[in-house]
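Below: a set of structures, written as structure tokens.
Shared chain: chain A. Partners: chain B in the first complex, chain C in the second.
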Partner chain A sequence: MAASGCRGVRSILWKYGSYGKNLFVSRSKMVPQLPLRQIYVASSLWKKNLAAAGPQKFTQEFIDKQVEEFEVGKRHLANMMGEDPETFTQEDIDRSIAYLFPSGLFEKRARPVMKHPEEIFPKQTAIQWDAEGRPFHFLFYTGKQSYYSLLHDVYEKILAIERHQDKMRNKGLFTSDTKQILLTGSRWLLKEEIEENLVENISVQDYMRLIQLMELLLSMPYCSLEEEFILKFRKQLEVQSSKYEIPALQYDPQGVAFSVADGRRKSAKASITLRDSGSGNITINGRNYLHYFPVLQNREQLMFPLLFVGMMGRFDIEGSVEGSGHSAQAGALRLAISRALLSFVSEGEVEKMRQAGLLTADPRIRERKKPGQEGARKKFTWKKR
Partner chain B sequence: MHFLFNFDNTHLSTYHSEGHSGQYYTLPPTHIQKLFPYGLPPRFQLQIKTFNEGCVMVRPPALELISYLKRADYSKPPLRYVLYGDIGTGKTMSLCHALHYCYSQGWLIVHVPDAHLWVKNCKELLPSSSRPSRFDQPIQASQWLKNFKITNERFLSKLKTTQRYVWTKRESTEKGQPLGELIDQGVNRMKSSSDVVGAVLRELRLQAGGATEGEGAFKLAVAVDGVNALWGKTSLKKEDRTMPEELTLIHNLRKMMKNNWSGGAILTALSQTGSVFKPRSAYLPSELLGEEGFDNMEPFVPVSVSNYNEKEFESCYLYYLDRNWLQHPHSRSEEGKKELIFLSNKNPSILERLCAFL
Partner chain C sequence: MQCYGFIGLKHTITHNAALFLTLSGRSSKGNMAAGVLTGVRQVLRGPRLVSAVFSCHGQTFSSAAAAPDTAAAEKILNFPLTQPDYFRLSELFTLKDLFEARVHLGHKKGCRHRLMEPYLFGSRLDTDIIDLEQTAEHLQRALNFTAHVAYRGGIILFVSRRRQFGHLIETTARECGEYAHTRYWKGGLLTNASIQYSPGVRLPDLILFFSTLNNVFQQHVGIRDAAKMNIPTVGIVDSNCNPSLITYPVPGNDDTPVAMEMYCRLFKMTINRAKDKRRQMELLKGISASV
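Here is the complex of A and B:
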């Protein structure tokens, strides 16, 4: 049984009797549209880990046939849309399907989809014992063979590094300040993501154990030898502030710079023109902001972005807002002002504004009223009998 | 740049000129008690109590008014001045400033602090004793008579009635009685107080420009705040919940507003805050007075009052700092000042309310 010694994490064993083909393919599943709160949710959280559920449900021939049909269908689709079949990418497929089968369903996952069978059919483990009933992997009887084999691998690496350390000490070349692995801007894979990779269910304690082992590996001075291995278990975080598109700075006929931006809050929409070299007048819907917002709190909301950036008396603001109530309108205007300010402000300031929460759109919306209740949360009077 | 004039003020109002704009001057406490028992805006009265003195900023609209008053010809019918402007820009304060000038010049003051009070929220509404279709407001009338008495003490003994007034079967005031008696009559007998008010106004009208020199000469200043109440709708109702056709006090005041007498001036200010059934954004004379009011008041001299400009704002800010009114340490910095400018948009009343809790 040749499973040992392999860096096996996931066994996509499609064919009977083949072993050793343990490929580690890091799948980046397409991440569905996330709500704008910055909680990172992996798609694997939402899908049941069907793969680890039971034995093979689809035969390899079936999968192969599906792949063939998919390829053929792709070419047909390209012909239909009048494009070149050779250079027809997945994005083009998505676009064409959305055009040919328009769907009004709200749930995006329920709409018609044409994707490669690998993405649709869940990965499954093949039968893990041979014709006589003997398992291939030496750790089969632990129940979580991939997980334990992974732990074994990590420990092997730790031992290898220790041996390397001793060798260096013997030679007298031991130094503590070796090349360290850069870990900023990345995080450990979540338990669900590891489960997905291992095609097995693991418990929380197992996950903690694995992370502890990895940390131990990292704590050793010569861990840079296994950098590649470790980085497979880290996921890069995107730099948030690069996601904001800064509205372009336009120029008036007189040469005055101005920028236009929009903002929304709770069904109130606002649109703003921020003009440079002004004197701090603010006109909203044609009226002075003092008349439009008699409440102090709303005027404070308007003031906050300008105060934060320190450009209080510099701009003239002309805005139009509609919908919702006065607080929501003030919030929408504030977001619009912050966005318009991005084009007048430096990079570091943009990051500061993001951290201050000026650029985040408030996702709170009016909660739906449910049937059987008075309102969103209020219930009817409870009668004991 | 602000400058407190701490010495004797009676002459100072005459010397206010353009150069003093933005500076504060103190109202002497005796004057405040006599002239403005109910005349000043309530928040300003609170401020007087807190700071233990009443300081008024000298501003262009008031200066304009005072200059007109200085140059007007008092043998001709009186000029009507209307102070108009946005809410909270200082119309009532400018009116009081000009009135203080008149008082210090020795004029006779007829001051209606807020005409809106006569048009809404009246507790008692009696059918008039003299005319069947009119309605009286005894409480408001007697209140006003008391204030009038306090303000114009020295004139009361000098002026005499010109005709005989009959109040009820048993009471009447003969011709030639001093005005003080008339007023006492009104204060004591609540039922006929509104008619007394009418009589007093009539007397004053007749006698204002009458004698050019000598004992009886005086100039009459009629100051009405919230003039638009006179021609607007009332929110009062009779007992059977229909609208009253006419109110005595309003009727008499309207007569006063006409310029068929001479020897004085009519100073008025519009007011949206107390007005009944008027939208908040209306501040121009045509909007607030309505057609009828506008026609009646025509011709008039409009004086517009606006928010503070830079200099005035500075002055107000320094005044509050001087009096330790701005407690928060941040408000003393440049940043804090910019915040104040933004949040209040240099509107006097909003600035005052802002600073009140700093």
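Here is the complex of A and C:
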């Protein structure tokens, strides 16, 4: 190591010495030749400090080339699979790669993947100054230019609204009951969402300051002037009950409406057919429910959804269930009945059922036994010594 | 005895890179040895920039680029330096304007900083009064320096930590085409720039402090950092501030909105004037070169 180190230095000194001879010919008498002495340097000095370089940087040309190669490869893949190269989507690519390169690896990220280079190579910020070194953004030297420029804009709007208010006061037209912005059903954007929008990292205090400024803006009487700007920072909350898939209402040859739904609990699977204009008969696996569920608790579970919506004697229930034990089977049937009921019931009732917990699948499963213990929680006898 | 000094490539405002070569037989600066050798190799491979290799005896080995172009460029850069008030900045403000903008009002006698005493007349009803004749002189010098920096295409950074005037200063900077920093000053912005921003960033060539104190009445960190990085500073120093590290201090009031608006207006006008003048000179040079 030391030998290679000094050899490297010596080669540089030798080159330098030869250059010196060529250039400074007239001064060769006065400039002494550099002494070629051995300098011992540890090899760690020659090695590149890989960690200090930071994340790997890719040039724009490199990424453009990768994009080209991806497009060409996509067409080849389509031809290989015998499909039309023009209408070959990303899902088709994933399917084809999974078919051509089957992998048994558990880690999904370790499997072969073919995606657009935008998704593979990390995004990098472009150079933020021009040829002379002057930055493009006037708040570049603060470090967080997008965030502070946003604060600047918000403050600008606050000042504009104050000026408007003063004008109205001068004219004598000032009123406090102006059009208010509707904020129900929406929430402020989260810190992560704002970071995404700004392409910059901000701290928790920065985020809270921004929300404070927005609240200040909202507290002014004439804030409706900037409604559009404010709504950009609000996200609409979805109505939870609209997420449920309501099973389609079908009609049998006699014209009687019926719906079919499934339910699961632990490892029990149940399927229910709910027929309208019935008399409250319940048949499970071909047997009457009294026979199938001798225990009262299980029969109560079956009846609860109908009791809740008040349609006790209206339906005929035909069900099949398999797996697990009697309690789990009852739970699975209950979920299936609730889901089937969704098609017979109004929107408001759906929300009520959701809040009662009828539409939520019970996620509890049997906890595994751990080594060194008797069961999932039970430990072996503890001995002090 | 020949001794050659080595100074690395400096990015000066004039954009002229002058490279001085080290050829000492015994380089005592051991850690500079590697730098010296790489510098030498760069030079000997053929400098891309206009460079002149000098020695103590003054013999030039390589010559600069085509003569007439650089002569005109040098005239544009050097001619304003020969005049005392090339941009006629004395017509921008008068003593009366400063008085009406309440620039002469300092803080109370108890807040007075010892080093500000030369700039004060004294106190009236416990309030310190700043000598406006000295202020006018200092302000003229500061504006002149700012104008020359802007003329030569330097980066000017407007700094203040007063929340009352932050928006005004940011707007002024944006309208001039320069830069502002009226927010929390992170530690190594100037001293650790290649890590805080990206490697190869260009630091400001002039920093204007519209208030030299931060929100806890201590001296702004930027003053000390600018002095460390050899960046000239212009600062409005009130009677409770320390004017020592600032290159062009301007004693004056930094609390009243009227005074701050006046300063912003003055600096904006100087910078715009200087930039317009530069554009005019470039156009004239273009016309005369084509003729």
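The rule is short, and it goes like this: the second predicted complex is superposed on the first by the 223 of 385 C-alpha atoms of A that agree within 3 Å, B and C clash if a C-alpha of one lies under 4 Å from a C-alpha of the other, contacts with A are read in each partner's own complex, and residues count from 1 in each chain.
The rule is simple: a contact is a pair of C-beta atoms (placed from the backbone, for glycine too) under 8 Å apart; a residue touches a chain by one contact, two chains touch by 3 or more.
Keep in mind that this is a model prediction, so the values were computed, not measured.
In the superposition on chain A, A:Met303 makes contact with chain B only, while chain C stays out of contact range. Comparing chain C and chain B on the residues of chain A they touch gives the larger count to C. Once the two complexes are laid over each other on the shared chain, residue contacts for A:Arg287 go to chain B alone; chain C is not touched.
Once the two complexes are laid over each other on the shared chain, residue contacts for A:Glu156 go to chain C alone; chain B is not touched. Once chain A of one complex is fitted onto chain A of the other, the partner contacts of A:Leu216 are absent, as it touches neither chain B nor chain C. Contact with chain C, but none with chain B, is seen for A:Pro135 once the two complexes are overlaid on the shared chain. Common to the chain B and chain C contact sets on chain A is no residue at all. Residue ranges on chain A touching chain C, taken from their complex, read 12, 16, 19-20, 23-24, 30-32, 34, 127-129, 132-135, 138-144, 148, 152, 155-156, 159. Remark: chain C residues 2, 11, 23, 25, 37, 40-41, 44, 61, 153, 155, 157, 167, 170, 173-174, 177-181, 183, 186, 189, 196-198, 201-202, 204 touch chain A in the complex.
For chain B in complex with chain A, the residues that touch the partner chain are 86, 280-281, 335, 338-339, 341-345, 347, 350, 354. Residue ranges on chain A touching chain B, taken from their complex, read 280, 287-291, 296, 299-300, 303, 306-307, 312-313.
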